[in-house]
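Look at the two complexes coming up: subunit A is in both, with subunit B in one and subunit C in the other.
And then the complex of A and B:
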């Protein structure tokens, strides 16, 4: 590892730690000034849960984005490009609709809350994209992106159809789910599973760094160095999709982290994918922690802003700057 | 080349100005049309793009006059044509139905200009009523009759009388001041858990609860999103979970939290159709809310440290008399740096 990588990774880790401590100590009551101090008791537990959620979700989204930007050779790719969020949304809406339409089955349909249906919907969407994204027996980036767009649109239409059929109360439930959130009270088995997925993603991503480096050049170059890109694409797209699916199941759709974090890490540690995956994971966690900290500071008199709004407000201008400065190329 | 571009730009500009002028004319003619109410109930043909306003029309005895509805309107025959909703209306069906009056609950962005234009072109009266809080509902019930029917006619007077009766019923229902509401103490009224979304000050149910003598723990206006940490800090003595028709919200949704209200079993689920449909159903909703709180029973006495004005034990050697002790406690009681309930109290 060269010096730039080590310094970059250390800087990202330090930023993440500082933001985690800041989030732990910072708060703004609903009707009051900002407070800064060490919490205790239940409040400490809630903030720790929010921090763990932010780290796990930020890491998973960022690693997913890094993989997709490499294998799809598209610097604008993000985890939701595969229709994951709309697939998860359709899963949630379908479960809600069935539970309402068939109350005798509602018990098992809602046994996992929104987590089970969201995960199933997201995985179904990825599977469909992988099945549709083949041309001449191979997965190629353009077809995968187009398949993602089509699946996303179809799932979106399905959501609208179900929203049309269900009563007002249920539509409200879905709208709330689509806002995205950082869970403050988490089921340890669920967050543990997502965390394990994220760690696995980082390890596999770091190990497949060279393959991703080659994948960014193109099929011919990959073949020239003896890499079978088709298999690499399937593995990485499936893994990226599963990572995104697990975060959507846990927190709903949270925008921009998967898009921005890889670019931010690339600025600091360069474009080699081995270290970039680790850097992206740190950057993703830091970005989401930063967004959550900022959320505590902003008071528009309407309660807490959804964290997805902050990530989009932060991510949008940064992304535009990256595009204009030409630093965001994969 | 440049000349043709300039010509095209001029045409576009002219078209834009014409469209703007046209829109303004449409709106003003819509307003003119709204100013002339019908003289008899039989002349009314009501198309409603709001389930809450449909329910209002039904409660005012106008169900026979409704010719168009949204998919979610109830209390009227299902054979009545569906004309879409406020986001997307079926213009062709509306024109075929030839309504005289359109009922809409305007969204934040306002009424679709296309709907206004259509109404103006066909001379339909557009009645737009926001229904965010009790004041809106009262205002709607006060204004709707004379906007639809000439109050000097027999039908107009009858409609007005029914609306006034509905207003009076709401006032009577809210004057009840039941003990269960007062005993509930600071109460959080939530309609979602992840993240918690609350009926705050000035919201429909927030208004009803406060009018009944309750203390809304969430002093923020509107329907704020709060965090679980906020919920702990607010420390509501009672939590009401409100579920509209079909909602998957359950009474057990908060069971995993160590909130005082949860530990003392003071979480209640209120499933009521009127909860998400503001209108003359306020008395029924208020009754359901009171019954739900009554079912919880009276809360346990607050813990000793929170008990107001509890003097020290009198066996202290230099204990002051009671009045001095109380005065001292008042002086010494630490003032919280942030009291989220301050406003609500």
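And then the complex of A and C:
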């Protein structure tokens, strides 16, 4: 590992630690002034839950984005943009609807909580996007993004449709969930599952770093260098889908972390995917912690904004910059 | 020691790309493939590197079926450079060349030699995808040289398409060096001067069939090329009487210029 990588990883880790401490100490009561102090009791538990969620979700989304960008040779790839998050959301909503509409027959769907339906929805969505995003037999970056937008819109419409089919009481705060919200009370089993997925994603991603490097060559060149491209693509796309799905099960779809984190890490530590996966994971955690800190500072007089709104507002311009600067082409 | 395409045929949907092609590429020889656009040259190369399994026929390396070779063994024996190499990530030149050793043991010295061979010493830390098309082709060639054993085949799709004359000279010397050291070269070429400079053998393809194959000096003649390309050719002498050679050129003007 060269000096640039070590310094970059250390810097990202340090930024993450600082933001985690900031999130722990920062608060702003509704209609009150910003406060800064060490919490205790229930408040400490709530903030720790939010911090753990942000780290786990940020890591999973960033690793998912890194894998998709490598394997699709598309710097614009991100689980949110490619419709994976919306697909996972539709999977969760469908399971909730079926569990309400026919509780006798759909019990198996929610047996594993929301993770299973989210994973099914995510895999279905990414499969559809990959099938639609081909032009002349190749995955064209912009065609993939357009296919992702279409699938995302359709899944979004499906979510709203199902929302209207269930009674008000069951809808709960689904509208907020759809914008992406960090949970402040932890369901340990779900957080544990997502954390396990995130750790697995980082380990497999770091291990397959050189394979991801080679996957960014043309198909024939990657084959000639000795990569089993088909198998690599299936493993990485499936893993990226499952990582994104697990975050949706925990917090709803959170936009653009999977897009921004790899690019931020790439600027600091270079493009080799082995170190990049680790760097992206740290950057993703730091970005989501930063967005959550920012969320605490914004008071519109109507409660806290979902963190997904902050990431979308920050990530949208980055996406457009990538598109305009030419870095969005493969 | 040979790379053999044994009666291979392949079609893409209704389009027949290769029809019962037989070819044998020997070590210590450079073979050029020529033919019109769509004649099947690139499909033949894809079959030769194992990226495309032909519908019929076999591809063998030293008597072993290519599809049965371990990835590492295959990578050590056959390297490939596309006409327009693709570097999707923002990898640096040295990182790209090092990936030639992806399925093989690391050999830092081979990597350095390949970088020097292609004249990329000053560009090692530049981002490969931001280089000009010619430099990108040189980076891909360096990766292939880092990958291949001395007794392996370099399979090249229009290797000099984006190179300037100076870089083409470097390429010709590098290919000659590889062949002299016991390796083999298989390349599609449109430039007949380059073909004449590097080829020991030549194969003319037309509509997926082998139209003519053999020693380059016998195949790269106007009458053979006219049958392959449906275009008129003439012979011109390059160089002086002692060291020069006759090379077939396409007649691009409607009529021959006056002497």
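In the analysis below, the second predicted complex is superposed on the first by the 236 of 330 C-alpha atoms of A that agree within 3 Å, B and C clash if a C-alpha of one lies under 4 Å from a C-alpha of the other, contacts with A are read in each partner's own complex, and residues count from 1 in each chain.
Here is the rule we use: a contact is a pair of C-beta atoms (placed from the backbone, for glycine too) under 8 Å apart; a residue touches a chain by one contact, two chains touch by 3 or more.
Quantities reported herein were computed from a predicted structural model and do not represent experimental measurements.
Once chain A of one complex is fitted onto chain A of the other, the partner contacts of A:192 are absent, as it touches neither subunit B nor subunit C. Between subunit B and subunit C, it is B that contacts the larger number of residues in subunit A. When the shared chain is aligned, subunit B comes close enough to touch A:164, but subunit C does not.
Of the two partner chains, subunit C is the only one touched by A:272; subunit B is not. With both structures placed on the common chain, the touch criterion links A:217 to subunit C but leaves subunit B unconnected.
Once chain A of one complex is fitted onto chain A of the other, the partner contacts of A:181 are limited to subunit B, with no touch recorded for subunit C. In the superposed model, A:103 lies in contact with neither subunit B nor subunit C. Contacts of subunit A with subunit B, set against its contacts with subunit C after fitting on chain A, share not one residue. Put simply, subunit B touches subunit A in their complex at residues 51, 71-72, 191-192, 194-195, 197-198, 200, 218-222, 224-230, 232-234, 243-249, 256-258, 276-277, 337-340, 342-343. By the touch rule above, subunit A contacts subunit C in their complex via residues 70, 73-74, 210-211, 213-221, 223-228, 266, 270-273, 330.
Contact residues of subunit C toward subunit A in the complex are 46, 49-51, 71-72, 74-75, 78-82, 84-92, 95, 99-100, 102-104, 127, 140, 143, 147, 155. The touching residues of subunit A, counted against subunit B in their complex, run 27, 29-33, 35, 42-43, 46-47, 96, 99-100, 110, 114, 164, 166-170, 172-173, 176-177, 179, 181, 183-185, 301-306.
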